[in-house]
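As written, the chains take the letters A, B and C, and residue 1 is the first residue of each chain.
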Amino acid sequence: MQDPLMTPIAAPRRRFLRPQSVLPGFGITMGLTLTWLGLIVLLPLSALFIKTSEISLERFIAIVTSTRTLHALQISFGLSLAAAAVNLVFGAIVVWVLVRYDFPFKKVVDALIDIPFALPTAVAGIALTALYAPNGWIGALLAPLGIEVAFTPAGILIALIFIGLPFVVRTVEPVLADLDRELEEAAASLGASRPQALWRVVLPSVWPALLTGFALAFARAVGEYGSVIFIAGNLPGVSEIAPLLIVIRLEEFRYADATAIACVMLVASFVLLFVINRLQRWAETRGAKA
Amino acid sequence: MTIEVAGVTKRFKKFTALDNVSLNIRSGELVALLGPSGSGKTTLLRIIAGLEWPDAGEVRFDGEDALARSVRERNVGFVFQHYALFRHMNVFENVAFGLRVRKGADRLPEAAIREKVNTLLSLVQIDWLAERYPSQLSGGQRQRVALARALAISPRVLLLDEPFGALDAKVRKELRRWLRHLHEELPVTSVLVTHDQEEALELADRVVVMGHGKIEQVGSPAEVYDAPATAFVHDFIGETVALPGEVRAGVLFHDGKPLGLDAAGVPDGPARILARPHHVDLAPPGEAPFSGRVLSLRTFGPTRRADVEIAAGSGKVVVEAAVPLDLALEAGAVVGLRPRAYKVFAANG
Amino acid sequence: MSDALHPGHVLASEGLPTGIARADAERRAAGKSVHTEPAAVRIALVLVALAFLGLFIGLPLVVVFVEALKRGAAAYVSALANPDALASIRLTLLVAAISVVANLVFGLVAAWAIAKFEFPGKSTLITLIDLPFSVSPVVAGLAFVLLFGAQGLFAGYLAAWDVKIIFAVPGIVLATIFVTFPFVARELIPLMQEQGTAEEEAAVSLGASGLSTFFRVTLPNVKWALLYGVLLCNARAMGEFGAVSVVSGHVRGLTNTMPLHIEILYNEYQFAASFAVASLLALLALVTLVAKTILEHRLAEEDT
């Protein structure tokens, strides 16, 4: 054991963050990645926090607790939650139908699910407005019933349902497709009825994925701007969303107001990002084959 | 409970998984469905369970039509190959599942459910794992949970699909012995699907050998091993040496010479003489029905084998023969082969 | 044998039991309850799903083209041939081209560093790259205003050098790069992680240089995923509204992208013209989806 040839030669000192690998280019690619990330993403977001810190605490509290701000946040978060809930229910039905049943033009329908991802929000906004305006295809049907959608909070809800729809479907789809059919057979062989098997076995298996899709749809809806402003009516306190209020404050050159509201929104995004990360990890462990 | 399968046929698109299969399983016995993959054994098991429906034929439990009942009404305990444990439930809840989904008068009170589940967990020796989740268990432990879960509904029949297929060799042997023991304690009519002949022969009261959607032979482990009914069974179970021959009017010939071997009842034409390697004796070349040149010799542990090349029609075949350890034999030598116990089958039968 | 269990075959196999006695057909129905729901439930669910999708996705898509062509083909063409419209199309193409190239290069560089090496803080880095997805576009736009705008942190330097970023094309490009930042990287990182480093190590051990290893080994392995990321990045870059709207200043013919031009026309009640421009973007979305479907097919094939 004491063979002098076997004593280790002093290992070359590892530089910080320098993994041992025969592949070249770690230093330069990591350097470029961090620089670019810093310049494009982190620097602007820090500017937001720096500008927020220049506002006094009393002023900050006054801005974010003003009636108009509170209403806008309430409308953004409340309607986003409602839209995500609608997407949770109908998204679940759509996923189930797409994964488990066969019907004509299924492939086309499947591809069209991604329209809200691919269609620019402004286009979606004017299209939904045209549909739900009192003289639009759907609006004209609802008007005699006394239901107004366009230029009311209901219009915002419609737009937020539209942009959130693919999140639930695309998050749950792979999980449901991978779900072992033996689980349902096992439930049936143990005496479970079909509804019991769905409720006690299938639903809990896809639940983390459903919740992740819900959270993603919610997060997207909270920050949504383009598809909402056309159909919303934008009446302060009634149908004015928080991102729009930021834009209005900016156009009024009330930078402190815009910054403070944006800061609240940004913190909310961070919290949601954290929640979504946790949910995804849960979904992965639940989805893993036992 | 008895299980009666009569004339069951099942097709998947163009593939015939089961072709007019009939089988009677006695009350309380443990039957193994043994066969290579694609032989239809799993399909038969799933039809008995009610997870699959036959295109034709009958399945009866104690004489009553089982096909009139869905799987949930049949009261069968099914153990899936990959266990199909519910990942979001702990071991206790997995086992309790079948009791919890009962409705109305069948529903046991909570205390009775707890007691029954705990009893079952002790029976399969995993009571200390009750709070664990499936992902925290080893393969053997999952297997035991799956079995306890199937037993919880007090099944009339226990159906096991490759129950040890996903386990490593050592655990598999241990669980196999334990399952046999369990079956003696709880004599539920049991059907086990396996492609592992050792497992089938060691565990089962009777073995059903299946091939190409048909039953080749039904018999005790000793019967299917010692008296294979068809060439398929002989080939599939145990090691087989195949010697070439030809039958003419009940007499076996090889290379134009009569072999002096019994071929009664075998139709005229090319034939295969099948024997276990340890039933093929070496003899001086002139005195045995077959002779050939030794190509190579191998020794492992207490056994020694020789590859012997013998003439077969226009070509040659290589057969493996057992060689006594103390016999002086070298590659290149010419030896005679005499099957001591053998079966003769028509070559294209 | 598991064919019968496959999803999708359930409705299709409905008409199967020909030549089987009726009683058998009834028994089969009992057996089906293991794998699926009664036909009435299945049909009802399919109809609910199709109605929901038709209402929320089909109709909005159709209405764009109907409204665009409402005044006839001539009006449609003249709306698109309008100088301001053409300027907005040119700007959109320019901004998208720059953003796609920037994110393509960044995506490859970041994926190489993250997927081929082990280092502490990797998952944090991935989260940071994904961050722009969770930030409201308006907030992103505002952040650039606070950095480069008249009241911004760098206002002094920019004024001194006479550089204009906000209310000018550079601001639009920066905001677009921000919102499309994760697209290419997030397609490449998981795929390259899964592929591991064995092939690159083999290439290096055979004497290949770092760059030729990358171009001859790594890049061919990820080309479809790369294209997929570029496709989605491009669609978002051309369609981005919120972030661009905040930094653009809406100067007609100069800082208006197509989505902003749509907004201006719409607010001026030039609905047909507005929808005409919108129909181009809707077509882009449809082309993107077709290409995406084809690419997913390719990716799935390569996976097996």
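Following the convention adopted for this analysis, a contact is a pair of C-beta atoms (placed from the backbone, for glycine too) under 8 Å apart; a residue touches a chain by one contact, two chains touch by 3 or more.
Not measured: the values here are computed from a predicted model.
Enquirer: Classify the inter-chain contact topology: is it line, ring, star, complete, or other?
Expert: Graph shape, chains as nodes and touching pairs as edges: complete.
Enquirer: Applying the document's contact definition, name the chain pair with more C-beta pairs in contact, A-C or B-C.
Expert: Looking at contacts between chains, A-C has the larger number.
Enquirer: At what distance in angstrom does the C-alpha mean of chain C lie from that of chain B?
Expert: One centre to the other, that is 54 Å.
Enquirer: Measure off the straight-line distance from the CA centroid of chain A to the CA centroid of chain C, and report it in whole Å.
Expert: Measuring from centre to centre gives 14 Å for this pair.
Enquirer: Which residues does chain C have that touch at least 2 chains other than itself?
Expert: 33-34
Enquirer: Could you say which residues in chain B touch two or more other chains, in rising order?
Expert: Correct list: 50-51, 70-72.
Enquirer: Mind pulling the residue numbers of chain A that touch at least two other chains?
Expert: 185, 188, 193
Enquirer: What part of chain B is in contact with chain A in the complex they form?
Expert: Residue positions touching the partner: 49-51, 70-72, 75-78, 80-89, 97-98, 101-102, 134-135, 142, 149-150, 152-153.
Enquirer: Write out the stretch or stretches of chain A touching chain C in their complex.
Expert: 17, 19, 21-26, 29-30, 32-33, 36-37, 40-45, 47-48, 50-51, 90, 93-94, 96-103, 106-107, 109, 111-124, 126-128, 130-131, 136-138, 158, 161-162, 165, 177, 181, 184-185, 188, 193-194, 219, 222-226, 230, 243-244, 246-247, 250, 255, 258-259, 262, 265-266, 269-270, 272-273, 276-277
Enquirer: Note which residues of chain A are touching chain B in the complex, please.
Expert: Residues 180, 182-183, 185-193, 196, 200-201, 204-205, 207, 285-286, 288-290.
Enquirer: What does chain C use to touch chain A in their complex?
Expert: Going through chain C, the ones touching chain A are 2, 5, 7-12, 33-37, 42, 45-46, 48-50, 52-53, 55-61, 63-64, 67, 106, 109-110, 112-114, 116-120, 125, 127-132, 134-140, 142-147, 151-153, 174, 177-178, 181, 197, 200-201, 204-205, 209-210, 213-214, 232, 235, 238-242, 245-246, 258-260, 262-263, 266, 271, 274-275, 278, 281-282, 284-286, 288-290, 292-293.
Enquirer: In their shared complex, at which residues does chain C touch chain B?
Expert: Touching chain B: residues 1, 3-4, 20, 24, 27-28, 30-34 of chain C.
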